[in-house]
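Naming follows writing order (A, B, C and D), and every chain is counted from residue 1.
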C-alpha cells in the first residue's frame, strides 16, 4: 500500500514537471492533464478515507469519533493530506486548472506527502528542537556577518559596480551567495579592498558551516543514544519474565546489560556448557541448533538463554552467529543483585522457576508413562 | 520588552536597507529618514537608561554606583550599545545624516545589538576559545595551501591570462575563492597544469573544511557535556535537603545520578509501591496524580520522591510522564553510601527526617482533634 | 602483485583518458589503442585465473568447485572483474573498438576495480547501511526543499527569464545547483522575491549538508568502536593461554582491559619489579631488553607479561616504549575475578602454570647436569 | 623571538606579493627587492645559527655534535629552513633574482616556515595518520565517482559542447569542479541527461564531503582524548609525592581521578572542614586564601590538598574558584585502594607522612623556643 502510494505520488509529480515544459505536443499535454486529474481524484478519495478511519488510530482512542476526526484533520499529517487536495477543491469551487502556474501549485503541495514517508523525520525534528539555542545563535551570527560584509562591500564597491553593489539589497545578495560558499559569480567584488572583505567572508562562511555541522552532529549523536536506550528498554520489557515488572526495574536491568560484538560463525553458547547469562539480540542474527535436529533463526529483538537466570542448568542448545551480531548480555550475578533489592523481581523469578519445574515434571511424567 | 527591542531593531535595519536603494520616491525617502532618526533617538534613550540602572546589575554589586556604570560602559554589551548610538552623537556634534553611506554606517552598528539577544553566544565563544590551538593550525594550513597554489597558478597561468593571474594578489583571489569551494568562476585556470593545481586545491579545500568541522564538533560536544553537568549540579543544589551541603558533596550526589529515558504515558512511580529513589526532571514533563484528586505538572528542573531517601515509606502518589522525559535517578542506596563518609550529609538527612516526622505527628494530632 | 595490478589499471585508464583528446598524433593514437588492448587482455586473463582459483577462497570452502566458482562469479568482486572485461568480450563477439565513446566505456568499468583496493570500503558501506533511515529522511527533506524552491522560483522568475525558469525542469536545475551550494551561476534569479527564495534555499543547503554530516559522523564513530572491540577481541584470542576458552570468556577478559597511553622512552615494566599485569600492544612499539643482552621489538598485536597472571614472580626483563604507544592492561586481580566464576579458565591457568614449572624444573635440571 | 620571526616572515611575504603586481613604481620596486634580499640574508643567518646550536636540542643528546647537526639538517624543520634559503644559495651560485617568477619561488618556500609555528600541527598530522585507511577509501570513492560522471557527461555532452566536454580531461575538469561543490560555471552541462548526471554528482559531492568530515571528526575526538590523558598523566607525575612511582602506578592514579566542573566564586574547600581529597587544576584558576592573610592564585597544572591523602586533618585554607574551573579530584579512599596493592606507593606515602610530621614537630619546637 505504501509503495502504491509512493508510485502514484511519483507519477503525479512527474506529470506536473513535464507539463511545465513549453514545447510539449498537444496530445501529450492532454494526457498529462488527465494524469494530474486522476491523481488529484485519488488523493481526494484517500483524504476522505483517512478522515473516516481516524478514530481507529490508537492515538485518539480516548476521543469520541467526531472529535477524533477533528483531531486528525488538524494534526500535521492531516493538514498535509488536506493541502494535497486543495487544488481539487478549488476546482470544484469554480477555479479551473489552466496554465503552468496552477499545475505548479499541485507540485508544492504533493511533495509534502513524501515527507510523511520519511522514516526518521521525527528524529531529525527532535535534534533541531534540542539544539535550537545554539542553532539560533549561529543563525544570528550568520545575519551579523552578512550585514556587516554587505555594508562594507556596498561602501567599497558602489562606485565601480553601481548596479550590483549600489544598493544594500544588492550587496546583501552577494553576501549571502558568498557566505554560503555557493558563489554564483554574477556579482563579484573587483576592488582590492572589496576582495579582501570577500575573502574574509568566504572563510567566515566555512567557519559558520563548521559550527552548524558541529552542533547538529552533537545533537544527533545524543538523540541516537536516547533512541537506542528506549529500543533496548522495549526489548527487555517484552521478555515474559520481566513483563510484569515496573518501569524502574526494567531500567535497572537495562543498566546492567553489556554490549558484546561477535563476528559471524561464532558459537555464542555451546550445548551442555554451564549457563549464567541471558542474551538479547540487538543487531544481526543467530542460529539455534535444536537438540532434536534442525535449527531456528533468531533476529534483532529476540532473546535466548533466559532459563540460566532461573537455574544454572547446562545450556540446552548451541547458538551460533550467522552474521556480524551485537548481543546484549545480562549476567545472572547482575540479575540477582537487582533482584536482591527489588522484592517484586525476586518473586516473579521464583514464580517462573516453580512454573517451569512443574512443567518439566509433568513432561517427564508423560514421558515416563509413554515408556 | 525584549520583543519590542527586536521589533524596533528590525524596523530600523529595514529602513536603512530600503533607503540604500536608488529609485525610491521622495516622500518614501523622507519617511525612511524619519524612521531612522526615530530609532536612533530610541537607542540613545535606551543607552542612557541602561547606563543609569547599571549599578542594579548583580555583576557589579560590589562597586559604588559610578564605578559600576563605568564598568558597564566598557563591557562588551555596553560598548555595543554605545556604538549603536554613535551616529546620533556624531550628528549632535555637527555631522549630518546624508547619503546612503552614512545610513549604512548605522546598519553595521545596529546589527551588533542583535548579537546580544543570541541565547548561546557564550557557548560558541567558549568552544572557539577552547579549541583555539587546532583552529589556528588549520588556518595556518589554509594560508600555506593558499600561497602555494596561488604561486603555482601564477607561474603557470600568467602567460595565457595576464590580467587574472599576472600578479600574485590576482592569483591569491582565485586561490581563496577555490579553496573555500565558493567558486565564482570569474577567474578560472585554462592550462592543463593550472587545472591540475586547481583540482588539487579544491580537494584540499574539502579536507580543510572537514578538519575545521571536526575540530568544532568535538569542542562543541565537550562544551555541551560541561554545561549539562553544571545544569544538573545547580538543579541538585536547589533541593532543600541538599542546599546546606558543600560543593564537593553536591558533586558526589551528581556523580551518582543515573540517566533514564521514558516515553510518554509511563508510570514512573505508582502509589503505595515501595520507594527507594529520588527523581530529577532533566527534560520533559510528568504529572503527579494527587491522592485527593486533581494533578500537578512538574517540568524540567523539578524533583520528586525525595522522601524515599529519608524513609522507605510507600509512594504517596502516582507520577506519569506526559512527554518523552529524561529523569535523573538517585537511589537511596547510593545516597547512603555518600552519607556514610560525609558526616554533614548524614546529619542533614537525620535533621530533615526528624523535622518531617514531627510535622506528621502534629498533622495527625490536628486530625485527631478535628474528629 | 597488488601494486602491479594498480599500475596496469593506472596505465590503462591514462591511455583511455589521453585517447579521448582530439588533437593527438596518429602514431600516439595507435600506441594508445595498443595499450588499451594490452590491458584488456591482461584483465581477461586475470578474470579467468580468478575464476579458476575461486574454490581456494576460505569463504567458499563448503561448496564444491563448480558451485564455488559460480558463487564468486555473482559476488560483488566477481561482477566488477567481469564488467572490466566486457568490452573485450564484446569485441570478440563482433563489436570493434573505435571512437572515443567505446574507449570511454572501458574507463567506467575499469575504475570500479580501483574500489576493490580500498582498505576500508566495507566500513564505509556498513556506516551508510546502519544509518540508512536518517540518511533517507535527509534525502527526502532535500527533495522537498528542491521541489518547493523550484516551483516558487518558476512562478516568480518565469516572466523575466523564460528560458531558464520557464519550465519546472529548468527551475529544478537551478534549485539543485543552489541547494548543494555548487552555484555554477549559469541560472540566477534576478527578481527580488526570487532572490529571497534563493537566499533561503542556500541557507537550507547548509543545514542539509550539516545534518548529513552529523549523521555520517555519528555512524562512523560507532562503527569505529565496534571494529576496535573486535580487533582487541581477536588480539586476546591469540594469546595461547586464552585460545581454548569460549567466546564469552574472551569477551569477559576484553571487558576488563584498561587502555593506557605511554609516550616514548618510558619503562613500562622494570626487571625484577613485582609483576601483576599483562599487556597487549594496541598501537605503537616496545623494546624488550633481554637479560642476556640484546633486545626484541614488539609491535601492534603482540603481548607480554602474561606470566604474571600465573604467578607473581618478578619481571624477567625491562620493557621500554620506543614510540607513542597504547597498551591494554589486564590486571591479575581482574583476571582472577573472571576465573573465579568461569571454572574452565581457572583450569586452563593451572594447567599452564603446571606446564611451565615443569619446563623450568627440566631446564634447571639440565643446567645442574651441565655444571 | 618567535614574534620577531613571524614579523620578518610577514614582511618578506608581503614584499614578494606586492612585487608581483605589474604597475609598481621603480623606487618601490627597488625597495621591495631590497627587503626581499634582507629577509633572505636574515634567514640564511638563522639557518646557520640553528645548525650550530642543533646539538643542544634534547632530542639529539645521545649523538655527537656533528651527527646531531646532520640529524637536524635532514629533519622536517631543518629541511623547511633550508628550503627557505635555497634562493639565496642559488644566487650565490650564480643565478640572479629577476622577474616576478623568481620572487614567487621565495614565496612558496617561506610560507612553509609559517607551518613550524602552528601549535597543533602534530595533532592534525596524527589524526590524518590514524584515519588513513578510511580517508584513502573516501578518496578512492571520490576518484570513482569522478571518472564515472566525467565519462557519462563526455558521452552525453560531447556533441553540443565539443570544446568543453569533447575530451575526457575536459569532462574530468567539470566533474572535479562539481564534485567538490566549487562550481565555477565555466563548464556546465546543457542536455537534460547531462544535467541529471550533474545533479547526481552534486549530491554525491555532499555525501563525500560529509563522509570525509565524519571520519576526521571521529579521529580528532579520539586524538583529543589521548592528549588529555597524557596531559593529566604528566600533571600527576609532577606531584612530589608521586614522582618516584613507576608508570603503571601513576596510570592507576590517573584512572581514579574524577572530573568536576565548578563555576566561578565557589568555595572548593573551606578552612577547618575535614579533608579527604586532593585536587588537580585541569583548567581555570583558584585562589588560596592563606590563614595569615593574602592569597595565592593557582592555575592549570597546579594541585592542592595533597596533605589530606596522608592524614585526615582539617583543611588549612579556603580555596575559591575565580574562573570557570575544571578540577580533577582524587579521593583518599581511592588512593588507599591503589596503595593497598602497590606496596611501593604505601611506603612513599608513609615516608612522606613521617617527613612532614617531623617537620611540624621541629616547627612547633621552634615556636616554643621563640616564646
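List of remarks:
Please note the rule applied: contacts are C-beta pairs under 8 Å (C-beta built on N, C-alpha and C of every residue); 3 or more make two chains touch, one makes a residue touch a chain.
As the structure is a computational prediction, the values presented were derived from the model and not from experiment.
At the chain A-chain B interface, residue numbers used by both copies make up under half of all numbers present, so the two copies contact each other through mostly different positions. Look at the CA centroids: the one farthest from the centroid of chain C belongs to B.
Each chain gets one centre point, the mean of its Cα atoms, and the points for chain A and chain D are 38 Å apart.
We define each chain's centre as the mean of its Cα atoms; on that basis chain B and chain D are separated by 27 Å. Contact with two or more other chains is made by residues 169, 181-185, 209, 213-215, 217-218, 221 of chain B. By the touch criterion given at the top, residues 181-185, 213-214, 217 of chain D touch chain A in their complex.
Residues of chain C touching chain D in their complex: 13, 16-17, 20-22, 100-101, 104-105, 107-108, 111-112, 114-115, 117-121, 123-124, 127, 139, 142, 169, 173, 176-177, 180-186, 208-209, 212-213, 215-221, 224, 258, 260-263, 266-270, 273-274, 276-277, 326, 329, 333.
Across the interface of their complex, chain B is touched by residues 133-134, 136-138, 140-141, 143-144, 147-148, 151-152, 154-155, 158, 166-169, 172, 178, 181-185, 188, 192, 195, 199, 202-203, 205-207, 209-211, 213-215, 217-218, 221, 226, 229-230, 233, 246-248, 251, 255, 341, 343 of chain A.
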